[in-house]
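Please read the structure below before turning to the comments.
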Amino acid sequence: MATIIWTTIGAILTLSVYSFLYKDNPFYKFAEHLVVGISAGYYLVIYYFNFIQPNVVAPVFLLRIGNEAIGLGSSMWWLALIPGILGLLLYTRFFPKFGWVGRWSLGIYVGGYAGLGLSPIMQARVLNQIGANALPLTSITNVFLIVGLLGTLTYFFFSMKHKGVLGVLARVGIVFLMVGFGASFGYTVMSRVSLLIGRVSFLLHDWLHLI
Amino acid sequence: MAKGSDIRNIDRRFIFVLVLAAVVWPLLHPLRLPMDISPPVQSVYDAVEAVPAGSIVMLAADYSPDTMPELQPMAETFIRHAFRRDLRIVVACLWPASPPLVEQALGPLSEEFGKEYGTDYVNLGYMAGGIVTLLGMGASIPETFPTDYGGTSVDEIPLMLEVENFDDIAFVMEVSAGTPGTREWVQQVQSRFRVNLASGTTAVGAPNFYPYVQSGQLTGLLGGLKGAAEYEILVGAPGDATSGMDAQSVVHALIVCFIIFGNIVYFVSRRSEKRLAQDV
Amino acid sequence: MRRVFHILLVLLALIAPAAGSLEALEATPIIEETEPVLLDVVPPGPPCSLTVRDYLENSDFGDKIEIEWGLSPDDGSGACDVTGYILSRALAEGEVGEVLDEISSGVTRYIDESVEPGVEYYYNLVSHDGTSPSGRVWAGPTAGRANLFQWSRFSVLVLMVVFFAMVARFTAVAGKGAKLFVRRIPGLNAIEEAVGRATEMGRPVLYVPGIGEIDNIMTIASLNILSHVAKITARYDTPLIVPTARAVVMSAAEEVVKQAYTEVGNPDAYNPDNIRYLSDAQFAFAGAVNGIMLREKPAANLYMGAFWAESLLLAETGFEAGAIQVAGTAMVSQLPFFVTACDFTLMGEELYAASAYLSREPKLLGGLKGSDWMKVVSIALIAAGIIARAVGLESFVAWFQTQ
Amino acid sequence: MRRVIPLAITFLIGMFMLVDFFVPHHVVSSAAAEMKQWGTIVIAASILLGVGNLIRVHYKKISRKQEGWGYSIVTLSVMVVMLFFGGPWGTIQEGSVFNWIFLNVQVPLQSTMFSLLAFFIASAAYRAFRLRSLEAGMLLVSAIIVMLGRVPLGQFLTRGLPEQATLPWLTETIMAYPNMAAFRGILMGAALGVMAMGLRVILGIERSYLGGDK
């Protein structure tokens, strides 16, 4: 019995979302506000229990989580204070006089991740691509691949006028881009339809028992 | 891309209704659109057909509910195929979530074919350990799986008295969603014990395993919903996978029709606009 | 510039010996299947030598030790009955310790990848014929030491230095007042037109900075463009709605928009309620933005930043609501959907270029020129790689295939 | 002072993380790992800023009885419910009410929203794929070939033709060559854009994300 009730609720919510396809309506508005409210509460709780509690609160206040004593006995417990303070600094923006301090933590975060990303991107997206595209020009497909890459890269030249050879190459690049976009558009249809089949079979099978 | 003139855009809701119908209709009333059978799927079918009646085959089910849409039809069709050919089935799982999923398929099919639990088929359930479990099965299956899924000792199951190790298993169908799965079965079991092994995997995973088909380590391979649908057709029991592929075909064709129709409308209206311009 | 090349030369001199020793790595012995051996009671001869050393050929964390030995006289010759070797590792001299691995016959090298950096280990090895082991040979102690430079990534460093040098050079040139040409980016004018139309219609502008976190460079580029858009809306008093999926992006967007309104001299027009955090959950966010589009009826929708599958949900709803739409993203998988559903799309690098272009700061334009020259270098290297492959210089291509 | 300190911190941390990639020594890598951890904590701590904004916007709507204020009550009350069941009085383990609401309400709602894309991909294709120019034609033709080549119908349509003329073969070829070439080009270009911008962030030339200069 309980299953029937919950499946029915699930079905009503599903139909509420689909009603959006007809036009905006109270059912969709309800579903939209419901999902926003649940996710706000969900992420607040999850972020606290998954990041803040084990990494800041437990070591600093020597909390026990279950049978495990996190931070107790660790001589480096004070390290946990740093992210805790950085996190708190974000809230200085509510005090206009000290708002600038909050930029410290943002600066550390953004700067750190910018630095972190640079070398792997150079490696994976430039260096390895150079290696992967240095193909022997023995087959038509390889020539095709290299011409396409050359054209696409030329399209992305910003500081040179697209005239003459560059103009021809950039145009080749646009054609490749369009073929690529069309192809990946077509390729994605299947996975999106699968999602719909999944929801429809929930309605027809789990809820209405028609199939 | 620019929008083009808005007059030429029909109400989107018309498109939405057609897309919905194109998905719902094949699910309710399977269309059985023609389908070419790819060689790896044909090999799976042929391999099961080649097993002498009365032999024992194994269904190794290693998947969880999230990949059910693709993999459950494979397991169901294999069970149907085996029962119809009077093969006896031993089910063994390396994934904890798998045994109840296989039960869902075994229940109705054993009724349909009038098969007895314990003599015609057995579900050994889940055993932890991955590769270690596989190697253990190579030495002794009853020792690796001392009880079945329901907790009955294998010594009390008539079918299991005939099974010692892979020498007694004529064919293994591995339905796998990841690790441990097809790769471990090929590397640890097929290469050591030379079992007759075929596999069914998700569409995402399939490309990784085609090399094993080429090298002969896998007798055949079912890849994703499409592979499942082809197998259903071969066994002559079109089911969920076939309906799903029907729905895919219809929606894809429908979108192509939309595009063609849209272009016809575009050219006709452009021509009439030109004519209007000339008249004025 | 010259200094940079000096550094490069020194670095090149350093890599030469390392590159030479790399070749030794490739020579892994071939293991052949041996015929089944009859059981016997005569043990095979022990391995004739055993040496251990810190693994140096590839830079590591100090967690690897390399072990090499000479084959037993009965391996492949003599009684020809060795089926394999057993390698053990201990922390104290004279102890057998734990078995590390069983190694096939014919192999003479093993890399222990499970050592604690700095801890000294003793190794010992026996050969066996399936029934009886030989005498034990010993070696050690040795410890794994961490390296200070990852030589396998040297090529990455070289290209980074080249790229940064070019960016630095063109930034300096631009800073001195040299005029740099930058080609027209079609989507850019479209942004201004879209905002202009919203103003004419007296309807708001919707700016979605993607669902990426602020550490995503696409988000940073987007905040740059947001600053430009906010200045236009501030001037015309057009409401600007910025829905966000990340709290930090929301607070950064607040700062950016408030600052833009202040700079234009219209701080009172800034409405903090229009910079909104909606949800961290992808589709909850998309659903809520769709609601904004249908209820607050923005006349211009700008999608700039990192988008995933929600791209088409937003762009199709926005189209239905009749808004002019301009998108910009470097998410390759979503570009097809923006290109089909929006009026204009900034593709890939155009997003970053646009953000540099809008600022019109010479310092930022220098980066564009540097990127272009890096493309030329990349194309040249691909060409060189093709030629190298043709003449059999595979190692040149391998230099780019780092891990 | 107010500008210099954050920019100096950004520079130092950015350079350290950049160097981490090249230095295998565990002293560097463990320090870098610790700092990555800090980053996730800062982000986790920020969620309250976002939720605070959400509460403020909806609370204003309710107190001013703006259009749709009833829905704002829905949002705020389910949020309180989630906090109640997941907060200090509740549990977030599997099988808890908190987890259960998430799995039975949030997940189906989100996957239904995701599945709306099946409809939108059809309407976008109908509207946008028009033979307006050579480029638009390429977009259209490749999309049609790949759409048909992915399903059994396409296989059936070109049955009996030589392999190089069948839709599945064409689909694979388009995906493996023109599609691959274009995407490699975009990725390479975008990578350079990212690096140039990342460098500017580390050097403090780019600071729009800190809310401008003042």
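Quick notes on this structure:
So that you can tell them apart, the chains are marked A, B, C and D in the order they are listed, and the count of residues begins at 1 in each.
In this section, a residue touches a chain if its C-beta (ideal position, glycine included) is under 8 Å from a C-beta of that chain, and two chains touch if they have at least 3 such contacts.
Every value quoted in this text rests on a predicted model; they were computed, and no experiment measured them.
The most distant chain from chain B is C, comparing centres defined as mean Cα coordinates. Across the structure, the highest number of inter-chain C-beta contacts is found for A-D. Once the centre of each chain is set as its mean CA position, chain B and chain C turn out to be 36 Å apart. Chain B and chain D have Cα centroids separated by 31 Å. The distance from the centre of chain A to the centre of chain C, with each centre set as the mean of the Cα atoms, comes to 16 Å. Shared interface positions of chain B, i.e. residues touching 2 or more other chains, are given as 1, 3, 12, 16, 19-20, 23, 248, 251-252, 255.
For chain C, the set of residues touching two or more other chains reads 153, 156, 163, 214-215, 217, 220, 248, 251-252, 255, 278, 280-281, 283-284, 287, 295, 319, 335, 337, 339-340, 347-349, 353, 368, 371, 374-375, 378.
In chain A, the residues touching two or more other chains are 17, 20-21, 29, 31-32, 35-36, 38-40, 42-43, 90, 106, 109-110, 112-114, 117-119, 122, 126, 129, 132-133, 146, 149, 153, 156, 177, 180-182, 184-185, 188-190, 193, 196, 198.
Looking at the complex, you find that chain A touches chain B at residues 21-22, 189-190, 193-194, 196-198, 200-201, 204, 210-211. Taken together, the chain A residues at the contact with chain C in this complex read 17, 20, 24, 28-29, 31-32, 35-36, 38-40, 42-43, 90, 93, 106, 109-110, 112-114, 117-119, 122-123, 126-137, 146, 149-150, 153, 156-162, 177, 180-182, 184-185, 188. Chain C meets chain A in the complex at residues 153, 155-156, 159-160, 163, 180-183, 185, 214-215, 217, 220, 248, 251-252, 255, 278-281, 283-284, 287-288, 290-291, 294-295, 333, 335-337, 339-340, 347-350, 353, 368-369, 371-372, 374-375, 378-379, 381-382, 384-386, 388-390, 397-402. Contact residues on chain B toward chain A in their complex (touch as defined above): 13, 16, 19-20, 23-24, 27-28, 69, 225, 240, 243-244, 247-248, 251-252, 255.
Residues 1, 3-4, 9, 12, 15-16, 18-20, 23, 33-36, 226, 229, 245, 248-249, 251-256, 258-259, 261-263, 266-267 of chain B are the ones that touch chain D when the two sit in their complex.
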